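Look for chain A in each of the two complexes below; its partner is chain B in the first and chain C in the second.
Right, the complex of A and B next:
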């Protein structure tokens, strides 16, 4: 339930963004070539308004593709290790984040905030205010299951209503503080618009509540080998996914100095699980595809009480061989 | 009776284990159909789902070296011209042997034909070498018209955008190495992390590995989720090699690999 519900006129939204640009690093959907990506904006007009979903999810803003965890230097008396100064991370506002992406960040946080808490992720998260934007439309790849106006993960969720103004649902204290600082821009509605009328209707997966059990039962089934015959084993689906959080650790050195970086990795890669001995417990693409499906729809529901999929459909849109996870999961659900 | 389905069923009856073709894309919320996708038909019933028309252009030769697919046995592939060129090239590089694969091609708009041998595929290709698409031609010419600094700025931005998902590598029929130098870690040749340096080294290495081998299907660029025209690197090198050595890739079973063959009569003398 929102703490508060306000109205934000379209022109006031622009004024708000201008004010935020003075106070924060602001990230929003930006048109880059043929694609839309979440990028830093310096002016209101940098922000793209005609988009369904940026190619990469907002994950890349809280869990970037590559980030330094600490630096080190070898000296005569030993090795100096310098942790990243999380206190120097900038205060940020993310604008125009779709509800599926906001939900993705909430799920990611569950993963990274487990003991031992990931200090860098947590610091970045705490310094980030997320202003979501409900979806008025969906495309053929979307399968969030009518969550186009879901508030999970947003600090404030905006929904554009009939006259182009926004309904602003203030969800968290972080969001509330921001609204209080700019109280003059928000209006208290005399009558609440019917939000549901302004958000898209989106299909979901079939038989969702039984999926974890159905998948468990299908573990030894040939269905995963069959479904993954066309998979070419790239990392696209995992990299565009708002929830996939697997990473690799690399030490990059130059002379006596270096840094340890965390960078995205993918369970779709054939070398993802190769042991030092050369043994690979997931030798075939079928086993790797099963892992991706199980992790999202069986293991995470068990450990974190949430699906590891928000139904944004990015993996469907970006897959080079047009594999459709929603279709494949439904296939298993109907076995 | 649909010739495509008849041909495919016959092939299954004659001992092929799988027909690798296309099927219509899935429908979603909006009800519009997505583009056709690769489909593996292993039974007469599954053959019914196969299509092969103008909308089908994914280069299925990429599956010829995928171990989960080779394990199935004899394959029959729906082949477009780039697919055929890939097969010829794979044969030249000893990755495909006579008898491993047959193809079904579109002989014209309505008829399909089965090509059983590599020689038949080579003959079919004769005189049917498609030119680069106009969009690619224009973009490549625009790149070539830039000065070095501008070109570097273009690629620098592209490489910074790359997320290293390796879709370009995995979608390429000629990137079949069991262990790619990009992911080898003993020794580690190029940085694994998705930063500008690692990405640049990755794309330049890939382009050089494909020089004289790339059959210019453009699938790497099409696969890129970030929309980067990485195929143009390969296309440029293909043109350069053709210009320097007079050799295009994937046209004849007797062709060589200019960049890895030394001939005493080579005009360049750097190696002497």
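Right, the complex of A and C next:
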């Protein structure tokens, strides 16, 4: 339930963005060539308004593809280690984030905030204010299951209503503080518009409640091998996914100085779980595909009470061999 | 746990002593450089850590020293990949990064008053050595202690001095073996694979805990022997070492089903393993 519901006129939204640009680093959907991506904006007109979904999710803003964990310098008498100064991270506002991406960040946070807390993720997350934007339309790859106006993960969720103005649902205290600072721009509605009438209807997976159990029952089925035959193990699905959080840790050096980084990794890669001895618990692409499916739709529901998938459809749009997880999941559930 | 709120920053440890255990296998004794880190640190037998060479990366090994001996930790590793090769190149006095301790422990307090049978193969003795010494250092707490340990060749047996010590103690039954073809003319131990020797030694399962660690093929062939000797799955313990990066349940590669080896393990009973999908 929102803390507050306000109205934000279209022109006031632009004024708000201008004010935010003075206070914060602001990220929003930006058109780059033919693609729309979440990027830093410097002016209101940098922001793209005509988009369904940026090609990459908003994940990278809280969990960058490559991130320094600490730097070090090797000296004669030892090694100086310098932790990354998370307290110096800038405060940021993310604008126009789609509900699926906002929800993705909320799911990511469950993993990173579990003990022992990942301080770097938390610092980035705490310095980020997320202003979501409901989807008025969807395409055939979307399968969020009517969550086009879902508030999960947003600090404020905007929904464009009939005359082009926005319904502003204030979800968190972070969002509330921002609205209070700019109270003059927000109006208190005398009559609430019917939000549902302005958000898209989107298909979902079949039999959602029973999925974790159905998939578990199919663990030893040949269906995973069959489905993965087309997979080339490129890992694109994991890189575009708002929820995939597997990472690798590597050292990079230049002379005596260096840094330890974490970088996105993929359970689809053949070397992901291989032991030094050569033994590999997930030797075949079928086993790796099963891990991806199970992690998202069986293991995470078991451990974190959430699916590891928000139904954004990016993996479907990006897969070079046209694997469609929404169809394949339904197929596995019917094995 | 670590010296910073940033979980990924390792302790800096001084490499105090290197022991060449077997061809390509070394033991490092590491001491905290900062006394405050040393004062804060504690672990229990069975836990593991991430060891790093700055500039090369981290590797996962168990803590091979017992928790009954404080002020240092030891690890034993075989030179095999990038990080272990870099570790192998270090000299006494060099700095090693250490993150940990992570994971669960062998419940040795629950084993008081019981007999213990340790079954280990090759480079898998290090995790057991931590448990063995943790128990021997409180010897009166446990009844019979039997150790069956084997390696490919005589040369490949690790902790040779400690094996001699255990051999000479009257309160430990040590059975050493090497694979057929691995013996030397002066070899006084047995010849044969670990499961075979275990069947010959045939320790009683009465009031006994079995702790097994070794390569997958050894574990696979040891389990039926233990079963035949009457051990229930609840009384057989092992430790797993899946590939890991973070060690704290975030990087997503050591899981077996929804069980994370780093958080829920690395110590499991055979009964727990039987519940997991066959993916390890």
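In the analysis below, the second predicted complex is superposed on the first by the 335 of 335 C-alpha atoms of A that agree within 3 Å, B and C clash if a C-alpha of one lies under 4 Å from a C-alpha of the other, contacts with A are read in each partner's own complex, and residues count from 1 in each chain.
Just so it is clear, a contact is a pair of C-beta atoms (placed from the backbone, for glycine too) under 8 Å apart; a residue touches a chain by one contact, two chains touch by 3 or more.
These figures come from a predicted structure and were not determined experimentally.
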Touching A:143, do we find chain B (first), chain C (second), both, or neither?
first
Looking at A:240 after the superposition, I want to know if it touches chain B, chain C, both of them or none. Which is it: first, second, both, neither?
first
Does chain B (first) or chain C (second) touch A:113, or do both, or does neither?
neither
Using the touch definition from the top, say if A:318 reaches chain B (first), chain C (second), both or neither.
first
Look at A:192 in the shared chain and tell me whether it touches chain B only, chain C only, both, or neither; answer first, second, both or neither.
neither
Counting only touches as set out at the top, which of chain B and chain C does A:248 meet: first, second, both, neither?
both
Have a look at where A:43 lands relative to chain B and chain C in the superposition and call it first, second, both or neither.
neither
Chain C-contacting residues of chain A that also contact chain B
248, 250
In their shared complex, at which residues does chain A touch chain C?
69-70, 72, 74, 78-79, 81, 83-84, 86, 111-112, 114, 116-120, 219, 245-251, 253, 258, 260, 262, 265, 267, 272-277, 279, 281-282, 287, 291, 294-295, 298-299, 302-303
Show me the residue ranges of chain B that touch chain A in the complex, using the header's touch definition.
25-40, 58, 62-63, 66-69, 161, 163-167, 169-171, 179, 183, 191-195, 219, 222-223, 225-227
Help me check something: in the complex, which residues belonging to chain C touch chain A?
1, 4-10, 12, 33, 52, 54-58, 80-81, 84, 95, 97, 215-216, 241-243, 245-246, 248-258, 277, 279-280
In the complex, go through chain A and note every residue touching chain B.
32-35, 55-56, 65-66, 138-143, 200-203, 225-226, 228-230, 232-236, 238-240, 248, 250, 252, 261, 263-264, 266, 269, 271, 284-286, 313, 316, 318, 320-324, 326-327
